[in-house]
Each structure stands twice: as structure tokens, then as C-alpha cells.
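There are two complexes below, and they share chain A, which is joined by chain B in the first and by chain C in the second.
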Partner chain A sequence: MTTQLPPGMHLETVDDKIMTLNVGPQHPGSGHMRLIIKVDGDYIVSCDPDPGYVHRGEEKMAEYRNYIQNIPHLERPVIHDSSNILYPYCLGVEELLGIEVPERAKYIRVIAAELNRCIYILYWLAIYGIFLGHSTMFMWPAGDRELFIDLLEAMSGARVTHAYLVPGGVRNDLPSNFEERCLRQVEYFEKRLKEYEAVFYQNPLLRARTEGSGILSRTDAIRLGTTGSVLRASGVDFDVRKKEPYDVYENLDFQTIVLKEGDSYARSRVPYLEMFESCRIIKDALKKMPKSGSVRTKLKPNPKGGNDEVYRRIESGRGAIGYYIVSNNRPEPYRVKISVGSFRNLICMPYLLKGEKLGNMPAVYWGLNYWPVEADR
Partner chain B sequence: MSSGTEKDVEVKDTTEEHSENITKSDSMSKGEAKKFYEEKGLDLSPDVPVKPKPIPTFEKSLADKISSKFGDKIHVDYVRADRIRATTKREDIVDVAKFIRDELKYDHAESVSGVDYPDSSEIEVIYHLGSYTDEKLGRQIFALATRVPREDIPNPGSDATRTPSLRDVFYSVEFHERECFEMFGVYFEGHPDMRRLLLPEDWADIPPFRKDFKIKGR
Partner chain C sequence: MSNVIGIIRALNSGVKHLAVKRFTLRYPEQKLKFVGDGFQFNPETGVGIAGLRGRHILFHEHCTGCQLCSVACEGIAEAISMVKVHETWKHNKKAIMPQIDYGKCVFCGLCVDACPFYALYMTNDYELSSFTKSALIYTPAQLAIKPNISQDVEIKIDDRGASHG
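Now for the complex of A and B:
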């Protein structure tokens, strides 16, 4: 007997050999999301990701607040990477309102974004380490992360949710002696980062678990529209900072990290190597930054956006973040769409986990550099 | 001006009321309104300076290619530096998308957004397409838009708010289209897995990103 079901609903057939597991949403290994995994013995037959447990409707909220009021709540999806998620919003609003940003503010924004990228990657690395049973790799990055948090606290006054980038520049100027302090800490961190290689990335147990598991080929990485470290670990040379440089990235000296293997190990290694590049960018930006000058173009109170739309994107710790902002001559945006790297990489999960052993699930899952709160928005 | 309008202006000084009063042409003539706001010290000049920008040649050549192929079926909305936007009817969108993939070498979707226009009873679906393989297209985003009819009392999946899915053309739209389905009630025909993604299973209200779904307290 067939029953007409409403769209979006389906009947499930039950097989005695196949067992269904709900990984999450409470299990810390899954983050705030659920993976409906079907296993045959120890092998995963299918995986159906079920995000949405932390959906807060940021896009809807943005339609009710004006361009300045939107700043603090739009950074909530990724508070560990708050400068980067605000960056495309600021670029988009500046384009809509026709604002020029002072040169010094551009450099400060780049420094804030790169410091924040390191904070995010270290946080992610800590979680990745602990779920692979490597508790040293939980302690070290979680501790070293404080270096950058201190720097951003000196810049913005807040430890995690900075709301430092605003349309028109940055909220306030750098404190005195920031340059020396930043340079000293970044140089220390570069030395420190080399120790991670020996203790974690050359660890034979880690390599045995991650090398060759969850392979994503170059063609599939492009076809699935992945982004960020997942894409670059599969041999595609694409980084928004290089391909569509925003602010002053074209003046700065760095290179894109591309690995060819496409396995879990390569995906975990790309963000690590990118931290070295972030340090290079910070040092270079500190050198080239104008030593004085304005850091913020003042906006008119309650600025209106005209009848226009923009799509701006940047590279964050998890991939490209794009903002699509539609304005209709009102102080509030008509529609804000945030296209985030985590959401775009979600499509890999059913693809990569199929055929994997269940024990390897955390290695593949966290290697995707996935942040559930960002994906849900 | 009527006394009621004046009273409103005096009492409420929020932006909401402020901009409503600007558009109220029936109670106040344009000259009167201008004088009224000048006395109050309010600036009525447009916020965005209008600067005509030159049309970039590379983007223009891409837009010309697609408009010469499809003619009346496609309307190029704008050509700017690194951004092209075109609108097409929903019947033609699969053909246009195939042309964009095969001839213009865009290979993935960055985002799929819906925009609700209750005044014209339409919902716009916009695909932002990018390219990883073509070196020249690294900076480019192609926005392909289409409009679907909107019903005041939505019944997602069963009403006329539907459009062909681009999942067979761009595989990467799979989860984006599912999100658009639950948030706007646009059903994508031919999508293999048109289920809800972010909303709870027992969501019984209208699709929440439509304009008639209001946030409490706002």
C-alpha cells in the first residue's frame, strides 16, 4: 500500500543488519548538530547530517536593525572568528553606502582578521586533538590561544566578541606600544608553532588514523563546491585573499597553502600551515602600516542604502564567507544572506563518511573544519 | 498639512515614523515637506553619492555572450567590476545554467538566496555562481536570478511556488536549495531530497524568512 506523504516527509524501511545511530546533538564529538549514521557492523553505510540545533535566524534579525545595530549580533555565529565574519558585512555596507576607508584602518582590519584566524584555528586544533585522543594537543593550542586573545583584547577591549570592525574602518585606534607587543608575541608564537609539528603531526598514531581516510578528489572538491581548507587540501589553489584581494591583502607578502593528498591528514594540516602565513601577514602589515592617521570614516546617523545590492566575500578560517545584502532605501537592509564555509562544506559529510569505519568518524568530521553554530546562523 | 500628521511627528521621533512621513505625499506637498524638514534641521539629501562607474570590458564580454545566445529569454540586470547579474524565467533557468557551466566555465554555487517581495507577489531565487577551475574567473561572481509566484497562504511543496532545481547542473546547490525551501517555501522540482534542513520537524508556521512572518516584539 502506498500512502501519499506530504513533501519533506518519507517512510523509512527497516533492515535487521543495519543499525541507526544518532551522533549528537548532545554528544560533544558532533558539536551542536546531529549525524544520523547507519552502520553495518563497524562500517558506515550512510550519513545524514541534521543541522539546525543552533539556528538563531541571524538573517531575519538583520532585517529589523539598521546597518550599525547589526554589527554585534552578526558576529555571534562564530565568536572565535568574529572579525572575519564581520569583514564581508563591513565591505558590503561600505560599497552600498559609498564610504571610503582610511589607509591605516585597512591595515588594522587585516591585522585583526589574521589574529582572529589564528584564534579560531588554535581552538579548532584543540578540539581536533582531544577527539583523536591527544590531550597534549588540547592543552597547547588552548594555552597559546591566549596570546592572540590578549592582543585583540588590547585592540578592542573584549576578549572574544570584539565587534571591532565597523563599516568605515575600525572602532578605535590601536593602543600605544601595540606594534612592539604584537611583533614580540607573534615571533614567539612562530617558534612555538614548530613544536606542534613534532608532537602532533609526526605522531605515528595520528598519521595511521588520518592518512588515507576520507579522501576527497580534486574533481569532487570542485563539484561539491567546498571551500577553505577542505578545498585547498584537495589540490585546488583558491584563496579569496589571493584571488579577489580585499583591503590591503594585495600589498602583503604571503602564499596560499595547497596540499594534493585530499585525505583527513592533509585537511588537518592546511590550517596549521596557514597559521605560519598569518604570522607573516601580521608582521608584514605592521611594517607597512601608516604610523598615524584616521582609523574610521564617520557615517551619517541612520544611513540609508539606496536601491541596490552587493555580494562581497572574504576568506575566513573555515572558508569563504559571502554576504549578499539587498537594500531598498531604508535604514535597515531588506535582506541579508550569509553564505558561510561551514554550511558549504556540510555537503561533504554524507560523501566522505560513507564506507568509513565508525571509529574514524571524529577524524573525518573535525578535519572538515566544521563549526555547527556558523552553519546554522 | 493635517493636524494629525503634525501630532505624529511631534510625538514619535523614531526612524520608522520618520521615513513613513517622507513618503506621505497626500498630506503634505513636496515643497511643504522640504520646508518642514529644513526647519527641523533634517538632511534630506540622498545618502549614497551617485557616481557613474565605467563598465568593465571582460565582464561585458561574458554578459554579451549569454545575451546573444538567449536573446529575449534573459535580461542582464547589471554588469559591474567582478559581478554580473542576470534574470531569467523559471522555465529557461536550467538551459541558462547549463550554458553558464559549459560555455562560461562557472563550476560551483556559492550561495542560493531567496528574497521575498510581497508587494509584487513574487519570491526571487538567486544563485551566486563562482569558478575554481578558470583562472580568469577567480574574482567573478555570476548572480543568476529567477522569480516564482508567491501565495498569501503558503502550502510549501503543494502550491504554485516552485521552480526547477539546478542540482543536476550544479551539484553544490543541494543543501542551499533545501534551506531555501524551508525558509521561503520555494519547492525545487527535481531535487532528490527536498526535506527540511535547519527548522525543527514540527515547525507548523509559515516559512519564517517571508516578510509576513514577524519577529516577536519588533
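Now for the complex of A and C:
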């Protein structure tokens, strides 16, 4: 007897030895997503990631709001990295509307973006630590993150959703003696960051679990179209800040972190080493920043873009974020397309998890620097 | 052997922290100090003044009832609605002023950016929780009150680590 099935569906043969597990959709780490995993004993046979639980329609919402009103809701997909997700939007809108950005504002934006990158990576590291059962590594980054949150709070006035970057510069100038305070806290943080090395990264228990698990080769990383720390952990030297510098990144002194191993350990180490580079950028930007001057170009009340389109991208904590914005002589954009790093890294998951032990799944999953809310937009 | 040394090193770096002061802010007793008196905006230069984006403060003597704050909030949170006030101001013929629903407000501060008459600023007051939803709606009279707050703790950094006072 043949059964009529709706198009696109098929029957699966059941194997007694294989068990199907649903990991999620309740917060496997942050944000809702599901992994449909098939296991043979303790080993993963196949993995099917199932995103889409936190789709909010950000792109469609952006078509009904003007260029300034879009700011608070476009940062919602990654509230921990809100300056970085707004950055390409601001760059794109500036190009569409033909706005010049003051020199001081460019430096302030870079400082805000780098502080935010540290906030994101520390949050990510805290979750990575607790995924592997290392509760010290949860407490330390979560505590040290406050240093940067306080700095951004002094800059922008909000602890998490800053809405600080706008087309034409930044919302407000830095408060008095910010430079001194920022320098002191960043220098203390660099000292603190070195302690993570002994307690976490050189810890033999962590290395035994993560080294050699979920290896992504250089060719596979390029073929699968990965981005950000996943790409750099597989030995590809690509960072948008170096390759297509935006604002003042070309004047600043920093390196791209590249590791060759491509395993879960390398993927967890690249963001950690990048925090040292972020601290270097912040210190360098504070030194090179013009001490006074305008920070925001005044816009017309309801600015309109011409019949034009633009694509700008930047490097965020999770990889390249690109904004494709189309305008059609109206105060609202005609179309906003957001291309995010998280979604592009998700495709590695079925390849990396095949043949792994189930216990190693969190290390591989979170090492991909995947943020479900950002991927679903 | 190297594994044993690694584990001892990891333990040692944790044990060192027994002697370090805690970083935790003891919240209801201690409150963080913020920069300035809250987020403000200068419509002449088009640039804001740094400060915490907490509850708003409304200056009745400056408000003209132009509704620009309410228009700015449309499509973001829709927290601001214009209500009638029983006051007579020469510059506010319609006698309407903003009323803010803090159950909806996202504290983006774009209403402050929109006000051209220096009438709406934000303050350092962030403790807005209440037992009822209706208590979250602040009328123009409630918004005019300057909050009474004491925030004095700052991050202290010395050789032994960072702490909150």
C-alpha cells in the first residue's frame, strides 16, 4: 500500500540503533533554536539545525520607519553588540543621503564599536565556559564585562541597547574625563585578561575536550562561506577592518588574529586574542582622536534618499555584517537586507558534528559564534 | 606530568582571588554614580549631552504641545500620548502635554532629540518598577517632578583588583 504524502515530505526508515534527540528550542545557550540530532550510542550520526524561532521581521519593519526611527529596533537582534550591528546601517545611510561625518565622531564610533565587541566576546566566553561546565569562566567574564558596560553607559546613557551611532556621527559627545577613565579601565582589563589564560585556555581539562574536535579545514571554511572568528580559526587571513577599512581603522594599529588548527579550541581562542587587539585599538584611538570638534552632522528633519542603492559591511564580533539598503525618494528605505555572520556560520554545524560525541556538542555549537536572534533577524 | 602542572596552575590562579575584594555592586545599599544629570539635547547644535537615559523630566514652562516627541515615538515604542492639562500657558494654546507609558518606553531618547524647545530631558532615575500597570503611566504632573536620588559608588581600581567602594 502506498501512502499519499504532501509534497516536500518523505517517510524515513527507522533504525533501531539510531535515536533522535531534540536539543532546544528552549534556549540551548541564548535565544531559541533547535538542533535535531541523531545519535548512535554516544556518537552523533547527523545534525539538522532548525533556526527561525525568533524571527522578528526586522527587515520588513525597517521599510515602514524613517532613517532615524530605524535605529532603536535595528539594534535589537544583537543587543550585546548593538553598536556593531548599527555601524553598517549608519555607513550605508550616510552614503545614500550624502552626509559627511566629522573626524572626531569617526574615532568615537570606533571606540564604541570596539568596547561593544569586548562586551559581546565576554558574554560569549561566559556562556562558552558554562557550556563546558567551567563556572569560574562564567563568573569572571560576566563580572569584567561590567567595566565596559559602565564605559558605554557613560558614553551613551544606556547599559545594553545604546542607540548611540546615528547617520551623521554619534548622538552625544564624550563626557568629561572619559579618556582617562577609559584608559584606566582598559589597562586593568588587559591585566585581567591574562589571568584567563591559566585558568581556562591552558587548563588541560579544557584542552582535552576541545582540541581536535569539530575540525574545519581551510578549504571547507572557504567553501562553506563562513566568516569572522570561524574563518580566522581555520587559517584564512580575512578581517573586514583590515581588508576594506571603514571610518578610521586604516589609521589604527592592530593585527588580524589567525590560527591554523581549525578545531573547537582554536575557534574559542580567536575571539579571546581579539580582545587584546580591541584594547590596543581603543588605546590608539584615544591617543589619535581630535580633542575637540563637532560629533554629529545636523540632518534635515525627515531626510530622503534618492533612487539609489548601497551595500556596506563591517566586522562584528561574529563576522561580517552587511546592510543592503535601497531608497526611492521617500523618507523610509524601500528595502533593507541584513546579511549576518551568525547565519552564515550555522551551515557548518552538520559537517562539524558528524562523528562527534554528544557531550562535545555544546563546545562545537557555541564555538561557531552563533547568535540565534541575529541569525533569524 | 604537564597536565598536573596545568591543573595546579589553573587552581592557583583561582585561589589567588580569595584575597581580592569582590567586584560585586551591593545594589540596594550601593548605587552606581552616573555622569551628569541625565541625557539632554541641545536643538541648536543638534548634539546631545552625555548622561543616563532614565525617566523623563518635563518642563511645563517650555512645553508648547507641538507633539514632536509623540511623532518621534511612533513606530518605536508608541509610549507617548498627548493629554489635556488644566494649566494655562500662553505658548501652549491647546493645553496638551506628553504622558509617557513606561511599560512601553525603550529609553532610546529619540523624543529628547526631537524636542526643539528644551522641554523634555531624561534623568538618572531608573527605579520605575510598580505592582500595577497603570502606575507605570506617568502623567505630565508626575513627569515635572525632579527625582530625588543618591548615587555615589564608582569603580575603584588598585593593585589588588577592581571593586565598588
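In this text, the second predicted complex is superposed on the first by the 361 of 377 C-alpha atoms of A that agree within 3 Å, B and C clash if a C-alpha of one lies under 4 Å from a C-alpha of the other, contacts with A are read in each partner's own complex, and residues count from 1 in each chain.
The definition used in the following text is that a residue touches a chain if its C-beta (ideal position, glycine included) is under 8 Å from a C-beta of that chain, and two chains touch if they have at least 3 such contacts.
Source: prediction; values computed, not measured.
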Partner chain(s) touched by A:P331 [first = chain B, second = chain C, both, neither]: first
Contacts of A:S339 with chain B and chain C, given as first, second, both or neither: first
Chain B versus chain C as contact partner of A:G359, first or second or both or neither: neither
Which superposed partner A:Y311 touches (first chain B, second chain C, both, neither): first
Which superposed partner A:V236 touches (first chain B, second chain C, both, neither): first
Contacts of A:I347 with chain B and chain C, given as first, second, both or neither: first
Chain B versus chain C as contact partner of A:A154, first or second or both or neither: second
Overlapping contact positions on chain A, where the chain C interface meets the chain B interface: 64
Partner chain C, residues of chain A touching it in the complex: 64-65, 68-69, 71-73, 136, 143, 146-147, 150, 153-158, 161, 163, 171-176, 184-185, 188, 195, 198-200, 202-205, 207, 294-299
For the chain C and chain A complex, residues of the former touching the latter: 2-3, 6-7, 9-10, 12-14, 23-25, 32, 34-36, 38-39, 41, 45-53, 72, 74-77, 106-110, 113, 122, 155, 157, 162
Chain B partner contacts - residues on chain A that touch it in the complex: 6-10, 50-52, 55, 57, 59-61, 64, 66, 96-98, 222-225, 231, 236, 238, 243-244, 300, 302-306, 308-309, 311, 313, 320, 322, 324, 326, 330-331, 334-335, 337, 339, 343-344, 346-347, 376
Chain B residues within the chain A interface of the complex: 15, 19, 43, 46-49, 51, 82-83, 85, 107-111, 113, 115-116, 126, 128, 132-133, 138-139, 141, 143, 156-158, 170-176, 179, 181-182, 187, 194-200, 208-209, 213, 215, 218
